[in-house]
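Input: structures, listed below.
Here come two complexes built around subunit A, the first alongside subunit B, the second alongside subunit C.
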Partner chain A sequence: MLEIRSLDAYYGQAHILHQIGFAMAEGERISVLGRNGAGKSTLLKSIMNAGPTVRGEVLLDGKALGRTSASDRVRLGMSLVPEDRRIFTHITVAENIRLAQQGTERKSGLPAIADVVAMFPMLKDLVDRMGGQLSGGQQQMLAVARSVAARPRLMLLDEPTEGLAPVIVEDMAAKIVEACDAYGTALLLAEQNVWFARQCTSRVMLLDSGSLVFSGSWADFDASGELVERYLAV
Partner chain B sequence: MKLAARLSLAVLLVAFLLAPFLVHPGLVFIAGFAMIQIVFALSWNLLFSYAGLVSFGHAAFFGIGAYVSAVALRYGWHINFLLIPPISAVLGAAAAFLVAIVVLRRANGIQFSVLTLALSQLVVVLIGYSEYLGHDEGISAIPRPVINLGIATLDLNNPLASYYFVIVIGLIAIALIWLVVHGPIGRTMQAVRIDPERAAFVGIDVWRLRVVAFTLSGGFAALAGSLLAPWAQIVHPDYVNWLASAQPLFATLLGGAGFFWGPVVGVLGLAWLNYAMRTFVGLSEIMIGASLLVVVLLAPQGILGALRDAVRRRRGKVAGEHR
Partner chain C sequence: MMSLYLYAIYNGLVLGLAIFLVSSGLTLAFGIMKIFNFAHGAFFMVGAYTAYALTGQEASSLFVFLGAALVAALLIGFVGVIADFAVFRRLAGVPAEYTLMAAFGILLLSNGVSKIAFGQAVHTVYPPEALSAFLDVGIPVSVYGLFIIGAGIVVFLALEVGLNRLWFGKLVLAVARDPWMANVAGLRVQRLKLFSVVLAFALAGLAGGLLVANQALSLDLGHSYLLYAFCVVIVGGLGSIRGAFIASILFGLAESLNAVVLPSLPGIATYSLLIILVLIRPQGLYPELSQ
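Let's look at the complex of A and B:
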């Protein structure tokens, strides 16, 4: 479904990503691990055309996306939940979810707000609360729920566990897997929390200084014992 | 909406409806003019408070409506006048759309505002060259129309009919603007105003949405302008220049930016100030300016913002006393 070929990304003069290439099948779930500054967020933003200057190719269903804007990529079924949550604080939880559904091309088969909330019970009693009145964990859950509500074919999640309490992290992992299974959504997850990444995905890639240094199954990752020490240890 | 706000709106509506029976004709004229300015200011605020765009040249679109209406009446176009406000709105929206697709491609901040200002001044210059539009003197002695309603006729030469025509069309326009900003488009506009990048991440085409907002706003401004000719019976370039474009801005800042009803309060406040200061010949502009300065300094969020803060303080105090 998604293919990345020889992708380089730049912020101004800074060359952040170097010749990244990989492919994802429909419904596949992949983690991107790496230290701070390894280029995980830049990779997700490059795929969405949401900031960095990109060279190389991003193909969806074999078609090069070229200069397709971020909003048009959303309409094609891609959805980015950025690191800073970015929920709309001036409208309610329900309206946040509705807004995401307005932005998608898909006009049928979208889940009802009640169904989305049922999938993320933390939001159950907060439907009419303004986005700005939610806690950090609730905002993060809403950001994911909003993405799921549009039933994307591919969800790009950027460090959704950052700053969250362990109990919320556990709950979120279960909900993300449940949502992806329910809608056949593929997932590209940028994370530093290895436990969380393992819960959510079946494949893992490692980025170091903007280059892809490992790609394989979790079993392969575990078999290469030095990877964590070399590329993830602080 | 809170009960007090609903009551205030109801009182205001009744005041507008009963004005011809309660006050002298001079004040009735001001009330009709205020209704036109309210629609104009709300059209500007639709762009400012909801889409986050500042137009310094919105009077150009008001002028399109005003001049379409004026020439239709002055030169006896054979069109039922009931169609003139919607025709003006469509023409204003079309002009705004053309401006938006060109200007918004390249600019959306201060450059956009300055370009809109340049546009309105260009319209003033073009009017000055046009004999058909009365050059700098504009079009005066505009006759009021007799409107064929099918089953009856409405003669706007009757002052009462003319007043209620302006009020009813104005109320319809206010209702339409309210529906726009409280519907899905308004919600999306606000999302774009607050964070365009975040809006793009949920699939909103930011450029397209801004074009829609500017088009709608231009259409409503032209609709407001179309009411001027039959009401004031004179239209001239002063209604199109940069000072006219500043009026909705003043009204919105005075009443409260970020509040739907802020421009309404602002227009009424300005109308009252103008009326109260009318006898101070030569000093009225200075006094109005000073009054506005005081309000803006004391209540930077406008009159409605100050009222909201006062209510919150009072609630906090009452809650503290009961603790």
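Let's look at the complex of A and C:
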């Protein structure tokens, strides 16, 4: 479904990603691990065309996306949940979800807002609360729910566990898996929390200083004992 | 003495709502597009000339007067489309100084074109007969003044309801608050911004059409209002319609009462108010959009 070929990404003169290449199948779930500054967020934003200057190719269903804007990529079935949540604070939880669905411009096939909220019980009693009145954990859950509501074919999820309490992290892992299974959504998850990444995905890639240094199954990852020490230890 | 102050307060309300009519478009342009549109006063002036061209010195009826103001709004709104395609969207993503310089360029261009199109003569325009009467309620109250107050309140309520209650308005505010996320969420950001530009420009044209009567219609018409409008945008909270509404009334009252209390120091109340409000509330009266 998604293929990345020789992708380089830049912020101004800074060369962040170097010759990244991988492919993911429909419904596949892959983690991207790496330290702070390794280039995980830049990779997701590059795939979405949401910031960095990109060279190389991003292909969806074999078609190069080229300069296709981020909003048009949403309509192709892609969805990015950014690291800093970016909930719209002036509208309610339900309206945040509605806004994400409107962005897809799909007339049918989208879940009802009530069904989305039912999938994320933490939001159940908050549907009429303004986005700005939510706690960090609630905002993060809404950010994921907003993406799920658009029923994307590919969800790009950037460090959803950052700053969350362990109990919420466990709950979120379960909800993400449930949502991806329910809609056949592929997931590219940028994370530093290895436990969470393992719960949500079946494959793992490691980024270090903007280069891909490992790609394989979790079994391969575990078999290469030095990877965590070498690329993830602080 | 009491009636003098009452009269000053009435005049202050009329001036305040007139300032709001002019500043609402400027506030919207800044709040949503982050454009400090120096040319706003020029488009207000062109709106006034457009209405004058349609109605002559005195509109034959209230309907014609309102129709001319609406045509002025549509015309200036269309100019907004051109300004957006030719200038503003091309400057998206560059430092704000460039947009500021471009807006200043549009101001110079508008003034030059207006000079050629309208000449330098000063015209007098009267309100239509339906608005030309005076009511005696202890103080002489002009119906046209009441009309300006009513028009200001209607525009304020329309913007408040439109932006905060209607779904489309909420989408426009989403783009204003976080254009990056709006884009990533799939919203057609450029279209929503275009709508905002058109509305901001149209409000300048509408203000010109509504305020053209009882003014010396000349190429300088926009200057005095623009100064107030900038003060209002700053004090109200950059981009806040609610803040602009309150600030407009405060400045109108300050200016009017200044003329009664300190007639030998014109303008001192306005500038003192500006300084005091900026010092005690640098974030503005209602800073919601600038946060």
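The criterion applied here is as follows: the second predicted complex is superposed on the first by the 233 of 234 C-alpha atoms of A that agree within 3 Å, B and C clash if a C-alpha of one lies under 4 Å from a C-alpha of the other, contacts with A are read in each partner's own complex, and residues count from 1 in each chain.
Keep in mind that, in the parts below, a residue touches a chain if its C-beta (ideal position, glycine included) is under 8 Å from a C-beta of that chain, and two chains touch if they have at least 3 such contacts.
This structure is a prediction, so every number in the text was calculated from the model and none was measured.
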{"item": "Clash-or-fit label for the pair subunit B, subunit C on subunit A", "value": "clash"}
{"item": "Partner chain(s) touched by A:1 [first = subunit B, second = subunit C, both, neither]", "value": "neither"}
{"item": "Contacts of A:100 with subunit B and subunit C, given as first, second, both or neither", "value": "both"}
{"item": "Partner chain(s) touched by A:228 [first = subunit B, second = subunit C, both, neither]", "value": "neither"}
{"item": "Subunit B versus subunit C as contact partner of A:90, first or second or both or neither", "value": "both"}
{"item": "Which of subunit B and subunit C A:82 touches, first, second, both or neither", "value": "both"}
{"item": "Selected from 5-13, 149-157 or 293-301: the stretch of subunit B that, after superposition, runs into subunit C", "value": "293-301"}
{"item": "Where subunit A meets both subunit C and subunit B, residue numbers", "value": "48, 50, 69-71, 74-75, 80, 82, 86, 88-91, 95, 98-100, 102-104, 146, 150"}
{"item": "In the complex, subunit A residues that touch subunit B", "value": "48, 50, 69-72, 74-75, 79-82, 86, 88-91, 95, 98-100, 102-104, 146, 150"}
{"item": "Contact set on subunit A toward subunit C in their complex", "value": "48, 50-51, 69-71, 74-75, 80, 82, 86, 88-91, 95, 98-100, 102-105, 146, 150"}
{"item": "Subunit A-facing residues of subunit C, complex", "value": "167, 170-171, 173-174, 177-178, 180-181, 183-189, 288"}
{"item": "Interfacial residue positions of subunit B with respect to subunit A in the complex", "value": "184, 187-188, 190-191, 194-195, 197-206"}
